[in-house]
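So, here come the structures, one by one.
First chain A sits with chain B, and in the next complex the same chain sits with chain C.
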Partner chain A sequence: MSRQNWLLLLITLLVAGIPLTESRFYIFLGTDILIMGLFAVSLNLLLGYTGLVSFGQGAYFGVGAYTCALLMKKAGLAFPAAFLVSAFAGALAALIIGVFCIRLTKIYFAMLTLAFSQIIWAIAFKWNSLTGGDNGIIGIAFPPYLDSGARFFYFTLAVVVLSLYVLRKVVNSPFGRMLTTIRENPERTEFIGINVKLFQLMSFMISGFFSAIAGALFGIFNHSIFPDILSWPQSAEVLIMTLLGGMYNFFGPFVGTAVMLYLRLQVTSYTQYWPLIMGTILSVLLFFFPGGIMGFLQDLRVFSRGKK
Partner chain B sequence: MPEPSFLIIQSLNGLTLAMFLFLIASGLSLIFGILRVLNFAHGSFYMVGAYLTYQFVSLFINAPGYFWWAVIFASCTVALLGGIIERLLLSRLYLREELNQLLFTYALVLILSDFARILWGTEQLSVSRPAVLKGAVDIFGHLFPKYNIFIIFLGPAIALLFWMILNKTRWGRIIRAASLDREMLGSLGVNVNRLFTVVFMIGSWLAGLGGALVSPIAAIVPGMDVEIIIDAFIVVVIGGLGSFWGTLLGSVILGQVVSFGILVFPRLSMVFIYVLMAIVLILRPWGLLGKPSQR
Partner chain C sequence: MILRVEKVKKTFDGFTAVNGVSFSLEERETCAIIGPNGAGKTTLFNLITGHIPTDAGRLNFKGTDITHLAPHRICRLGMGRSFQRTNIFPRLTVFENIQAAVLAHKGKGFTFFKPVTPFFRHETMEILERVGLRDYAETTSGSLSYGFQKQLELGIALASEPDLLLLDEPTAGMSAQETHQTIELIGCITREKGLTLLFTEHDMEVVFSISQRILVLYQGRLIAEGTPENIRHNPEVQKVYLGETR
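And now, the complex of A and B:
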């Protein structure tokens, strides 16, 4: 195994040790970071690797969350089945929406993803009989065998590690390299005979699939879902986390999520002005560290090597 | 079938909404047309305009015509704020990818919304209508507020004014040229950076004016920024980003859809608006009256 893989294994083992602290705070925070981290990494497949700015990723997260919860509550489906179906529901939603979105570029692509996520939000918000509207769905129960903070943490850890493993395989595969090529120059990629739109659509679907997995976990974890998770400020927040960690690094979004969620928990305990702080962090990032935390660390490494 | 007079009132209500949307969205569209920046903070400028109007009204309360002074001061302060932000911050991001500019304006949304909460609290504020425009007129047996009639006339007046400036003056010609080819304009000796600042200030002024004028008929609350910005996006997308008449058409469409949608399908009116936006983006990404971009 390479040095990086050993490091990853070590980190995973350390994270797996969190429930041993028996601190409800750290188990809660850890689960939250794992779920949102997966969401951010799945968004980054589009943003960092394919070069598509999705401003409505909350849609697939929400589709996953609602599908899983509704299948369990209304259809009485067992958790594993509901969970699997919800991931594919996310991919399906991404396929349908993606077909339209990938025809556009740049700002128009971002606007259309925003429009579709707002459509889904409005449906969730207004369809009271199915989704509970503004009141959301509450009282989503953990399946009995996951019915403790620590057990659900381990389940989440397993799902997230597996998902990240697959996603990393994807970005390092010839398919993933082609996505990066498309990001760098879609026109030239087209010239060498690649069906750019098809690759973009595939990327969109894979991203939707894993966003939905994160969403399904999120619903169970919180025991409840509200339409807010679909709305555009939520989509913007995950963009910020991705940028904070660094969008040109596979684990960047995960690091960004961890830092952001930890900061938020700390900050909100003594001030209500978290948006002000988040906005300031985002501005500083944009002006001084466009590569995010991981980009900065990489620059630092290159710099120190150059000195030797 | 409701009686026709009711339909007229309802369409007038829609038109009032449309004129506010037009004021705000035309600024957004102008900024996008020239600077190529989609400004999320535009709704925040609108909100700041409303809060500042409240502030200036309570300051000038004893002066004659205090409401109008407040509107002028508030909208100009917003323009100044916009100018400072563009000059000192936003202009440094023009060479970066679009995402950076987009996210910076989103950072502004977060920062300005909290500043408003710190300065003015979270309670709902209101401004009373100016004395001249208090009361209502009778239209086919229904009462319709005078203030709304004023807005319905003011909207087209401002549209006409801007059309004149854009099409009949030297400055307008330069602005239109900037939307076509900014490099060429720069090499012809026009100070493009200064032009960008001026355009951003005009756009911000329009947002501030919208906020100032809405203050007597809407509650001034935190959250009004995020609410209006999506509506403004819908308007410019439907009409065509950067298209002046498109923005007017988009506002009128959205205003009527909102005002009649609530009557026909109260549940689905919101969904309908977003669907409309998506359909336009799919069939004509450049909007109903926009032009496909060359790049």
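And now, the complex of A and C:
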């Protein structure tokens, strides 16, 4: 096993130790970070690896959350089935929306993803009989065998670790390499014989699949969902967390999520000006550390190695 | 005959960049397209490789009608291309640049769960050796010198094992020495692999030294075609070129 893999195993074991503290605060924060971290990493498959700026990733997160919750509450489906179906619902939504979005490039692509996510938000907001409209869906119960903070934490940890394992395999595969060449230079990639649009669409679907998994977890975790999780501030937030952690590193988005969620919890207990502080952090970041936290650490390592 | 271009035409907002050009290429032929700036050379390349759709006319490559095919399809039929502005994958290493092209060529793009690193290491290194970049395999390609980037681009084009190679100004912006080396390299590879070569070039010395046939493009039309000797003494070509430089 490589050194990086040992390190990852160690970190996973440390994280798995969180419930032993029996602190409800850390279990809650840990679960939240795991879920949102997965969401950010799935977004980064598009942003950092394929070079597509999706501004509407909340849509697939929301589709996952609503599908899982509705199947459990309205169709009486058991949690494992509902959970699996919701992931595929996310991929399907991404396929349908992606077919349109990948026809455009750059800012037009970003705007179209935003437009579609707002359409899905509007459906969730207005379709009272199904989604509960603005009131959302409340009282989504944990399945009985996951009915404690610690148990749900372990379940989330298992799902997230497995998802990250698969995603990491994918980005390090020949398929993943093709995505990075598309990010670097779509025109050139086309002329090494690659159907760029098809690869972009695949990337879009895989990203939607894992965003939906994160969304489904999120709905159960909070016992409730509201249309807000589909709307653009949610999409923007995950984008910011990804940039904060660094989009050219696989774990960057995860690190960004952890830092931001922890900071937000700490800062909001002192002051109500969290958006102001977040805005400041973001501007500093974009000016001085365009590679995010992980990019900065990597530069530091290269620099110190160069000095020896 | 490997490529046949028939009355191809392209208009941009009322400006006719390529106006009914017809020619064909024999196998293993080295052919140059020359012409003053704005003659339509790059547009013609973009039409042949499918990067922009033709308004009229037909294109046939190795017996297949490629008039309406997407670039990736045309590439897979065996056409390789380098671009006028250097076109590489800047944040990837030199090795990764070539390896990506080999992967694409061998149709391994949809392999999802195997690590990419060991794929086609041998083939990739062979190409790197061929274009003289073996020692730079682990260098980030964006930080290479301009001349090396051009060589890398040639390597990317070769990785898809093309029968026809289109080079758009392969020596643009190079020093005299770099130009000399690049031309030597291109000539060597084309002979060795039995490639058909179609290229555009500003450097007349290069054009006359390596091409067997020359096409002269002027204002979107083909005004002359022949051996280097013929072209050199063609009064119309002289007029076009001298008229431009004086």
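FYI, the second predicted complex is superposed on the first by the 308 of 308 C-alpha atoms of A that agree within 3 Å, B and C clash if a C-alpha of one lies under 4 Å from a C-alpha of the other, contacts with A are read in each partner's own complex, and residues count from 1 in each chain.
Rule of thumb we're sticking to: a residue touches a chain if its C-beta (ideal position, glycine included) is under 8 Å from a C-beta of that chain, and two chains touch if they have at least 3 such contacts.
Please read all numbers here as calculations on a predicted model, not as lab measurements.
J.: Between chain B and chain C, positioned on chain A by superposition, is the outcome a clash or a fit?
T.: Fit.
J.: Which angle, as a multiple of 10 degrees, do chain B and chain C span at the CA centre of chain A?
T.: About 80 degrees between chain B and chain C, seen from chain A.
J.: With both complexes superposed on chain A, which partner does A:7 reach: first (chain B), second (chain C), both or neither?
T.: Neither partner.
J.: A:194 contacts which: chain B (first), chain C (second), both, neither?
T.: second
J.: Pick one for A:118: touches chain B only (first), chain C only (second), both, or neither.
T.: It touches chain B, and chain C stays clear.
J.: For A:106, using the defined touch cut-off, is the partner it touches chain B, chain C, both, or neither? Pick first, second, both or neither.
T.: In the superposed model, A:106 contacts chain B only, not chain C.
J.: Taking the superposition on A as described, I'd like to know which of chain B and chain C A:53 touches: first, second, both or neither.
T.: Touch status of A:53: first partner only.
J.: By the touch definition at the top of the document, which applies to A:236: first (chain B), second (chain C), both, or neither?
T.: Only chain B; A:236 stays clear of chain C.
J.: For A:181, decide between first (touching chain B), second (touching chain C), both and neither.
T.: Once the two structures are laid over each other on A, A:181 reaches chain C alone.
J.: Tell me which touches more residues of chain A here: chain C or chain B.
T.: It is B that touches the greater number of chain A residues.
J.: So in the superposed three-chain picture, is A:286 touching just chain B, just chain C, both, or none of them (first/second/both/neither)?
T.: first
J.: Given the touch rule stated above, what does A:169 touch, chain B (first), chain C (second), both, or neither?
T.: In the superposition, A:169 contacts chain C only.
J.: Rounded to whole Å, what minimum CA distance do you find between chain B and chain C in the overlaid structures?
T.: 10
J.: Can you list the residues of chain A that touch chain B in one structure and chain C in the other?
T.: none
J.: List the residues on chain C that touch chain A in their complex, please.
T.: 49, 51, 70-72, 75-76, 81, 83, 87-92, 96, 99-101, 103-105, 108-117, 119, 156, 159-160
J.: Report the residues of chain A in contact with chain C in the complex, numbered from low to high.
T.: Spelled out, the residues of chain A in touch with chain C are 169-170, 172-178, 180-181, 184-185, 187-196, 199, 248.
J.: Which of the residues in chain A end up touching chain B in this complex?
T.: Residues 47, 53, 100, 103-104, 106-108, 110-112, 114-116, 118-119, 122-123, 125-126, 232-233, 236, 239-240, 243, 273, 275-276, 278-280, 282-283, 286-287, 290.
J.: So in the complex, the part of chain B that touches chain A is made up of which residues?
T.: Touch list, chain B to chain A: 38, 89, 92-93, 96, 98-100, 102-104, 106-111, 113-115, 117-118, 226, 230, 233-234, 237, 241, 267-268, 270-271, 274-275, 277-278, 281-282, 285.
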